Structure formats: structure tokens, C-alpha cells
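After this come two complexes, each holding chain A, first together with chain B and then together with chain C.
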Partner chain A sequence: MNVETFVTDKAGLVKFYEAIIANNETYAPVEKFGKFDFKRVLTLAECDPDSPITKTMSAKPLFFPRSAKILKYSADASGTDVKETDEDPLTGKRVILGMKHCDARGLQVLDKVYNWDYIDSDYQKRRQNSVIISSRCDKAETHCFCTSLDYDVENLDAMDVLIVHGLDGKIFIKARTEKGETFLKANPIDPASGIQHSASEEGMKKQYDAFAASFRLKMDYKNVNGKLSKIFDTPEFENVSASCIGCNTCAFICPTCHCFKISDEKIKDTGIRYKSYDSCNNGYFTLMAGGHNPRPVKYRRWRQRAMHKFVYYKERFGENLCVGCGRCAISCPVNISIFEVVNQVATTV
Partner chain B sequence: MDYTNQIREIATRLFTEDKIDVFVGYRMTGFDDNQVPALIRDPKEVSQLVFTDKSVFNLTNYLKNEHTRNKRVGLVVKGCDSRSLNLLLTESQVKRDKLYVIGIACEGVIDEAGNKMQNCMECVVPDAVVYDEMVGTPKGKQGYQVNADIHELASKELVERRAYFEEIFENCIRCNACRHSCPMCYCAKCCIDQETSTLYNGANTKSSAFHALMTWSLHLAGRCVDCRNCEKACPSHLPLHLLHKWNERVIFENFQEHLAGVQEGDRGAFYKYSMQDPNDFIM
Partner chain C sequence: MEQLLVPMICRIDKMIQETPDVRTYRLKFKEEGLMEKFRWMPGQFVEFSLLGSGECTFCISSSSTRKGYFDCSIKKAGLVTADIHRLLDEGDYVGIRGPFGNWFPLDEIKGKNLLFVGGGIGLAPLRALIQYCIDNRNDYKDFTILYGARTSADLCYKDEIKEWQENPLLKVILTIDKPEEAWPTNVGVVPKILEEVVKPVIENTKVITCGPPIMIKYTIQSLKKLGFADPDIITTLEMRMQCGLGKCGRCNIGSTYVCKDGPVFTNEQLRGLPDEF
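And now, the complex of A and B:
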């Protein structure tokens, strides 16, 4: 694919964003209580497309909502009536601004599981109808390790349009997929706003090099994958998970965790059935109707989460179920970092 | 505030004298200046222990942990932590003779931005109220003050106040981290986990978040010790303390200046019933 690269400055980028928000159904990070979450926006002033990753929730809920209505039902003496929900948020095309590149990668990982034995049509619709405009981070934060994992951060095709803030103040805009190219054609870049074609991509390369050099954490994921798969029974898991309080935060904010539960909201004889997030850290997650629980203690649940991320998913789909965003470590109330723990287990055992 | 050396000395002594099986304290994360709770079973690992003004987490939360249950535990408690320990003792969740408590005369802990935590600035009981050994110089009890954001909330109209709380419920993602991080939440099966319940169905809807958080805060009314574990655990950064501080103020003003866990043997405001109890604050 031979795609043009556009170059502009801060003012040009603002105009580009404003035009997108004015002409499309746009979702972007909106701040509330000091944390950014993706919400529908009508003006650029409401949101911050360059919100810091440390304070931004992942964009996963736009594709896999925290709670989605599956069906509604009503029952009376004549029988039960089950209907599809009347709410369908997926009809229109939409644009997602300010998604981090690790979140975009998270969607690539999720695509595999949602296209596996059962095709999740709602997820597919949301994916197909979304254009992802993502800017590459300027520098790595304390817990970031995306460059250490099994994907090419520099040439990631998960986002449709990539925005790079060059070191010299130049801002590059480039379509990475056909969808992105079509989008840029449909939302023509106004030459009056100071956006020009650029022949050179050197600025992008330089920005990437500086970004890649700013990482504190480096994981040898092949070593981790290989080691973990052999040490299922090590008591070390009990030690490393001892301070975990089993609070689920890590799973709920993870851009790749995808376990869910089904529950009903009932009012008399009518109700709505929801599909909502769940987590393998929950004690009742594997509890069976007869009372047996194959993961009755915390370290087994903890091990399951680590193994699913770095072993099971890898074996089945060839990719790690981790994108290295570090959100779990940032949000952990007791400051446990999955990177440190997995590395520790892989190196000490 | 740095009691690292004292804590290490005490822990070493306890292990040498074979008084404990596990020591619950803090250690550095190893990659930044934050700390992780440490459950130390091997005396060789005592050198990992630290205690500074970054020792934020309320460790009594670990007393319901499978690593500490039915074991002899050495435990570090700050003022607020010791209040929850007091309540756990009266509620028969831990046995006093299984515990060796190191009380800290706390000077206040700091948050991630390096500022003193708000609850420490208005702390009533900086020194541990239950302990076997005290570290630091006790300051004594401080006067209770209603904090500024509760005053602000109280000055609002009921409709406005409701709208503000609804904003909190709307941003809740129902991960239940607040409950898991709360030392006073120890029910084997929490009411908000009941899958068949119509109110707390686990769905991330505003009504379900409302019911879950309101039930939780009312269950903790008169038992919350304002350690802010919940608020630090919340991935949405919701100001959960408002729910609890609101209750705390009402209870303080109506129940003979009751503050949870300050007195030894405290049973919590709602554990005893008297015909003279006021009821005009209800609704």
C-alpha cells in the first residue's frame, strides 16, 4: 500500500481534529474525577485526544461494552416472550480519537477470540463501523513495555490513521489501513489549514527511535512464554501472589481481558439480560452449581491470569494476551506489576 | 517518617523468638518509590521490610487472607489501620492472641503526587490504639473535624447532591475493587455478588452501581475508619470517601460522637439499640 504522509503543525492538527468531530460521530477521552474515559464528544474542548496513558481507560468498552443488553423478556400466564433489545448503538459509522496504540493492538488480539468458534456479530459490527485515529506516545511511562512484546509497534496496522508528534514540532498524519485511507479521502485535509504532503518520513522514524529508547522495562517474552508453560506447579506463584487482594481492577481495565458473565435485571415479570465484565480473579468465577471450585485459592486464580496472558492464548492464537500498556500495574491498589512478577517467576524458577 | 530499622529489628526478634509465622509489612516495589504489602514467612526476607510515609495501604485487609488465617501474625498498623483492627477483633474476625501488633505513631502518609493524604490531615487517631509495641512518639488524639468537601456537599440542595452522586455511580465500572480493598468487608458471599439478585446484578448500569455502592456504604456506616483503601483502589478515581464521610458525620452528630474503632471493644454505631436513638435524620 503506497499511502501519502501528511505533515502539519499543532494548529493544523487542532483544525483536523475539529473537522473530524464536526463531521463524524466521534468518541474521545473525556476527563471525569481525574481519569479519562472514552465518551461521545461534540467539541474538541470537551476531550483531550492526547490524554496521558497513565490516566486513560482503555478504549475496549467501545467494542466490548462494560455491560451490553443481549435481550429482553417478559412472562405472563400464556408463556414467555423473548425479544431483541430495541437499543442498537452500532448502526452508524463512528470515529475514535485519541486511542493509544497499545489499545489498538489490543483490538487486534481480541479479533482472534471473537472470530474463533463463535463469531460475535455485535463486536464485528462495532469493529467494522469504527475508524481508529491513534497517536503514538511521546515517551514510555514507568510501567509501559509495549516494545518488548510480540508485535511491531512502529509499523502497527491496528489503527486506521496514525498521528505522530515529531521531535521538531512537526506532526505527521498517515493512513495505515484502507479504511483509514478512505477516511482521509472522505474527510479531505484542508490545504488552508496548513496540512501538506510530505515526501519524507524521517521525522516519524526519529520520533519512534526516541520513543523506543525511553523504555525502562524490557521483557524477553520468548523466555517468559517458554518458562511459564513448564512451571505450572511451582510454589513461586503462591509467593508472588501473596500481596494480591483479588480486587479485579487489573482485569476490568485491561485492553485484552474478555471474560464476561450473564445477569438479569428484573422488574416483576419483565427483565433485561446483560452481558457484563467478569474476572478470573473472582473467587466465584469458576464456582460450579454443585459447589465444586477448581480454583478455590487466590494463587491458582492469579496463576490462571498470568498463564492465560502469556501461555494459553499464545498456544491457541499465536499471540500474547498482553499489549504491554501497564494499566494493571498503574491501577493496582497494592502496586503489583505483572511485568515484574512474570519476569521474576520466569527468571527464578 | 521512617521506621524501617525499628520494623526490621522487631520482625527479626519475633522470628527468632518464634512468636510469629508470617509478618505483614511493606516492601519497596523495586522499580519506583511506591510500596507493596509484603507477607514475609522467611526470616531471611526481613531485610526487605520498610516503613516510610509511602506505606499507605491498610494491612488489616490481609487478615482475611489465606496466608494469614489461623497463623500467628506480626502486623504493622498505623492509627487508622488499628481502628479497623479494633473492629475486626470485636466482630470476632481475628483472634488477639494470634496477633503481634506493631503500632505506629503515624505522622501521615503521602499520595502518589507526594501530597499528604486528605484523611491524614484531618486524622483523629494518628497513633495506633491497639498494639503490643509502639514505634515513634505518640501525639495523642486530635479533635474531629468535618472536612471541607462534606460541608460543600451539605450546602447543596438535595437534587444537586443526588445529581453529584449519580455522576459517581455513572462512572463506576463495577469492578468491586473498593469492596475487595476494604478491611471491613469480609463476608464470605457479599450481597452484591448474588447472581440472582435483581438489585445488584453485576451489570454495569447506573441502577446497579447505585444499589451496590449505597448498600456497601450503609453496611460500612459506623464501621468505616477512613483509611481510604477503597478510594486508592478505584480505577475510575471516584471520590468514594464522600459516601463514607457523609455517614460518619451523621453518626458523629447523632450517636454520642461515635467514631468507628477508636475505643477498644467498640461495636460500631449500629450494633446497639436504644429507645433514645434519634431518628429524625432518616430521610
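And now, the complex of A and C:
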């Protein structure tokens, strides 16, 4: 796609954000207790579109809610009745400001499973009606490794509008999809004068190079993927998972984890059925009524987690189910990092 | 998605106590005209919900050739199944989503000898196929059913088995694990009877087996010993499932979704999967 790059400065960007928030239903990172979570915002002062990645939750719940009501029911002597819930399906037109690149990529990966065979129409509507605006990070944090995986971070098209904070203070804004192009026409930017298109490409490239050079973690993805697919039976999985306490935090904050459970809440003759997050690290996840459990011990569950992310999903849908955001490692109470797990296991071959 | 997770309401038309802990629920859709539209193949499953207790996966244990109803045979084993047994009665309503999953390879078993090997509640998915094959009896050659349970009281579908025994076109072999007074026939576990009593023809035979995981394991070993090839051994897997739609991630074995690619697999396919079922 050959589209114009808009160049502006800090003040121009603030105006751009303010106009977006004023004219659209906007979601952006809002701080609470030192962490940022995506909430509906009405003014720029409430939120920080450039919140630090280490403290920002994934925007996944805007597409796949943490807990969604499936139905309401009543069952009494007069019969059984099932009704739809009055919960907001989050399918209206909206703009998401301040989603990180890795997080936006997570949605591209999730699209594969949600649009496979049975199509999740609510998810699809949420995707179609959302415009994603994402700033590229300035530098990598301790647990970041997005540039090591199977996708091109520099030319990522997972966001509709890309914002790059150039090294010399210029800010570049560019549409990455048709939806983004239409959006920028409706929400124009004041361009600063006298900057050439060619110079902006160079400015963006320089920023990317500086960003890419700041990574502490680097992985040989092809090698890891190839080796993991051959070592299902390695005892190394026991070593890497030994300290796991099975809290499932890693799955709940992951931009790509999508396992869920269905549960009922009953009050006398009426109740609600929920669909809520679950995790393969949960000991009960695969436990069957007769007592049989295909993954009865922790290392097997960790093996499923690592292999699903780095091997199985790739085999099935052609994408890696980990986007390298490092959120799981940041939040893990016992400091398990998926980066270290897969690398350590791969070295045993 | 949420719409896909909303069940249709069915009425329990009849409840049959098969064994002390297994009941067959004969279901009909509450909404008129839906029963005629509900099409399923032997081997497919449904998500059965008792609203307020939860949703569980059960195979449909009757064939679509028997019109106007469908059966789910449920063993009391866990929380939801205990509630089902405790709370449900004829005339009550339950939720159904489905049918889901693949089915027995009907084209491949056409014109072959059929050997069904079942254990305990494992006869339920086989029963759907047995009924289907009985209703299309001319499509198949020899028809043998080997069925075992722990005790004679634990044999499911006792009345139907009597009908099968009286049918001159079927050969039915029953066995129980331990000797009992007044038990007229074989005693011993299913794999042993398979080798010593059934002595099946290998040529042109398809074996369809289901039972507890341990029985399936030893039955497949016996079948291999007798000389059956992996593609001729067909089984249906038990895995915990929740959505049935290939989304919730619960039934994954490697990159396979049991709810979409299964539950019916040949032994050849199973050997390609990680050992996690």
C-alpha cells in the first residue's frame, strides 16, 4: 500500500489524539494502581496512549471479554426458558488508542482460530468495527523479544494507523490498512511544514533500527521451532516448570491465549451461563469425570503451553501463538519466562 | 460466538435405567419441526446441559435411521452427571448443542466384515453405528459384536442385546470380568475373549472399538497381535471438551482438535499423535 506519511510534532499529536477522543468512541490505557488497562475514555487527560509496555495490559478483553454472559435461563414448574442476555456485546464502532504492536499482532494470530470452521461472529464484528492506532515502542524492555519471532515488526499491518516517534522529535503517522486510510481522512492531522516524504521514510527507518538494536533477548526462531517439534519426550520440561505454582496469570494476561470455560451460576430457579478465561496450566483443565486426566502433572501442562505456542498452532494455522511481548514473564510470581523455557528445552537436542 | 453457545431445549421423552449407574435419556426437541431438521451421523456427539449444573459432552447413542428421537446414555461419574441422575426425570427439559465432531467412516466400512468391540459404557457410541448398520444390513458382510462389562448388571442395553442375539444375521458375544452364578457364557476381560473366543477373520474386516482407556489400549494390542493393520482399527476418543467448536482449546492433542478432527480416529491416525490421551 502506497500511502502518504503525515509528519507532525508533539503538539500536533496531542491535537490528533484529542480530536479522535472527541469524535469517536475511544478506548485507551487508563492507569489504576500503577497498571494500565483499556477503558472507554472521554478526554485525553484520563489516559496515556503511550503508556509503558511493561505496565499495560493486553487489549484482548475488548475482543474476547474476560467473562461474557452466554445466556439467562429460568427453569421451574411452568417449563424451561432460555433468553439472551442484555450485556453489551462490544460490537459498536470504536477506536483503540495506544495498543502496542505485539498486542495488535496478537489479534491477527487470534483471527485464525476464531475464523476457523465455526465463525465467532461477535469477535468478527468487534474486529471489523475497531480501528487500532498503535505507536511503535522506543526501546525494548527486559522481557521483550518480538523481533525474534516469525513476523515482521517493522512492516506490521496488524494496526490500522501506525505512529512512530522519530529520533529527532518528529512524529510520523501512517495508515497501514484501508480502514486506517479512511480513518485518517475522517480524522485529519495538521502537517508540519517543509518535510519531504522521502525524509519521513528515513526517519521511521532510523527509529526502527534504534529500537531493534535495543533488544536484550534474541532467539533463533526457526531453530527453536524445529527442535521443539521433535522433543515431546524430553525430561527438560520437568526442570523448566518445577517452580510453577499454577496460578494461570500468564494465560490471563497473554494477548494470544484463548482457552475458555463455560460455567453456570444458579440462584434458585434462574441463572446465568458464563464463558470465561481458562488455562491449560490449570490442573482441572483436562480432568474428566471418570478421573482420567491426560495431563495430570505440572510438566505436562507446561509442555502443552510451550508446544501449543511454538509448535502446534504453527502447524495448524501457520502462525506462532506467542508474539514475544513478555507480559507473562513480567507478571509471573516465580519468574518463569516462556523465552527461557523454549530456549532451554531446545538446547537439549 | 455467544450465539453458538446457546443450547436448544429438548424434552426428556423417556428415561431408561440401563445399569445401576447408567441411564439412557430419550430426547425430543421442544420446538416443533426441529427434530426433523436435526441430522446426525453415528459417532457424533452433543453438548448436553442441565441448566444450573453445567454442560457435558455425550455421544448420541442412537442412529438417525431410528426417527423422531435421539438417545444419550449417561453414566454417573462426575458433578454434572451426578446432578443429571439426581434431578432429571421424564418430562423435564435439558439443553442440547450439536451435533459436533466427525463420524465413523461409513464409506470405508461398506462391504466389509464388521467387528464391534465394546466395554461398559463404551458401547454407547458403537450402538449408534450398530443400529445404523443393522438398518442397512445388506451393505455389510459378517457382523460380530463383542461386548464386555465388569459384572452382568453393568451390561448396558440389555433388552436391545436380546434382540441382537435373536437376530440370525448378527453374532453377539458377551463377557463379564469375574465369574457369576447363572451367567451362561464367557468370563474374562475383553481382549482375552477377543483372542480366545472370537478369533476374528482378519481379511476384509474393520474393527470398531470403544471402552475405558485401559480396555482400548489392551484391545488394540490384541488386535495387532491377531494381525489387524492400523487403518482397520477404528476407535472413538474420550477427551474433555467444552465448546465443541474448535475454540476453547480443551481437547487439543498436539495440533489436533478432538472435537473437530475427531472423536473418531483410526489407530493409524492415533499413532501420529503425541501420547497425551
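In the analysis below, the second predicted complex is superposed on the first by the 334 of 349 C-alpha atoms of A that agree within 3 Å, B and C clash if a C-alpha of one lies under 4 Å from a C-alpha of the other, contacts with A are read in each partner's own complex, and residues count from 1 in each chain.
The definition used in the following text is that contacts are C-beta pairs under 8 Å (C-beta built on N, C-alpha and C of every residue); 3 or more make two chains touch, one makes a residue touch a chain.
Just so you know, these numbers come straight off a predicted model, no measurement behind them.
Asker: Looking at the combined model built on chain A, do chain B and chain C fit side by side or clash?
Answerer: In the superposition, chain B and chain C stay clear of each other.
Asker: Once chain A of both complexes is superposed, is A:H308 in touch with chain B (first), chain C (second), both, or neither?
Answerer: In the superposition, A:H308 touches chain C alone.
Asker: Looking at A:D264, would you say it contacts chain B, chain C, both, or neither? Reply first, second, both or neither.
Answerer: The answer is both, since A:D264 touches chain B and chain C.
Asker: Have a look at where A:S67 lands relative to chain B and chain C in the superposition and call it first, second, both or neither.
Answerer: So A:S67 only meets chain B here.
Asker: One more residue to check, A:Q108. First (chain B), second (chain C), both or neither?
Answerer: neither
Asker: Looking at A:V334, would you say it contacts chain B, chain C, both, or neither? Reply first, second, both or neither.
Answerer: The first partner, chain B, only.
Asker: Who does A:N225 touch here: chain B (first), chain C (second), both, or neither?
Answerer: In the superposed model, A:N225 contacts neither chain B nor chain C.
Asker: If you take every C-alpha pair with one atom in chain B and one in chain C, what is the shortest distance in Å after superposing?
Answerer: Between chain B and chain C, the shortest C-alpha distance works out to 5 Å.
Asker: Just to be sure I follow: which residues of chain A are touched by chain B in one complex and then by chain C in the other one?
Answerer: Shared contact residues on chain A: 261, 263-264, 266, 278.
Asker: Inside the complex, what are the residues of chain B that reach chain A?
Answerer: Counting only chain B, the residues touching chain A are 29-32, 34-39, 57, 61-62, 65-67, 167-168, 171, 173-177, 180-181, 189, 193, 195, 198, 201-205, 207-208, 229, 232-233, 235-239.
Asker: What residues of chain A sit close enough to touch chain C in their complex?
Answerer: So the residues of chain A in touch with chain C come to 68-71, 73, 75, 79-80, 82, 84-85, 89, 113-114, 116-118, 120-123, 232, 258-264, 266, 271, 273, 275, 278, 280, 285-290, 292, 294-295, 300, 304, 307-308, 311-313, 315-316.
Asker: Within their complex, state which residues of chain C touch chain A.
Answerer: 1-7, 9, 49, 51-56, 75, 77-81, 92-93, 95, 212-213, 238-240, 242-243, 245-250, 252-255, 260, 274-277
Asker: List the residues on chain A that touch chain B in their complex, please.
Answerer: It comes out as residues 32-35, 37, 57, 65-67, 142, 216-217, 242-243, 245-249, 251-253, 261, 263-267, 274, 276-279, 282, 284, 297-298, 331, 333-337, 340.
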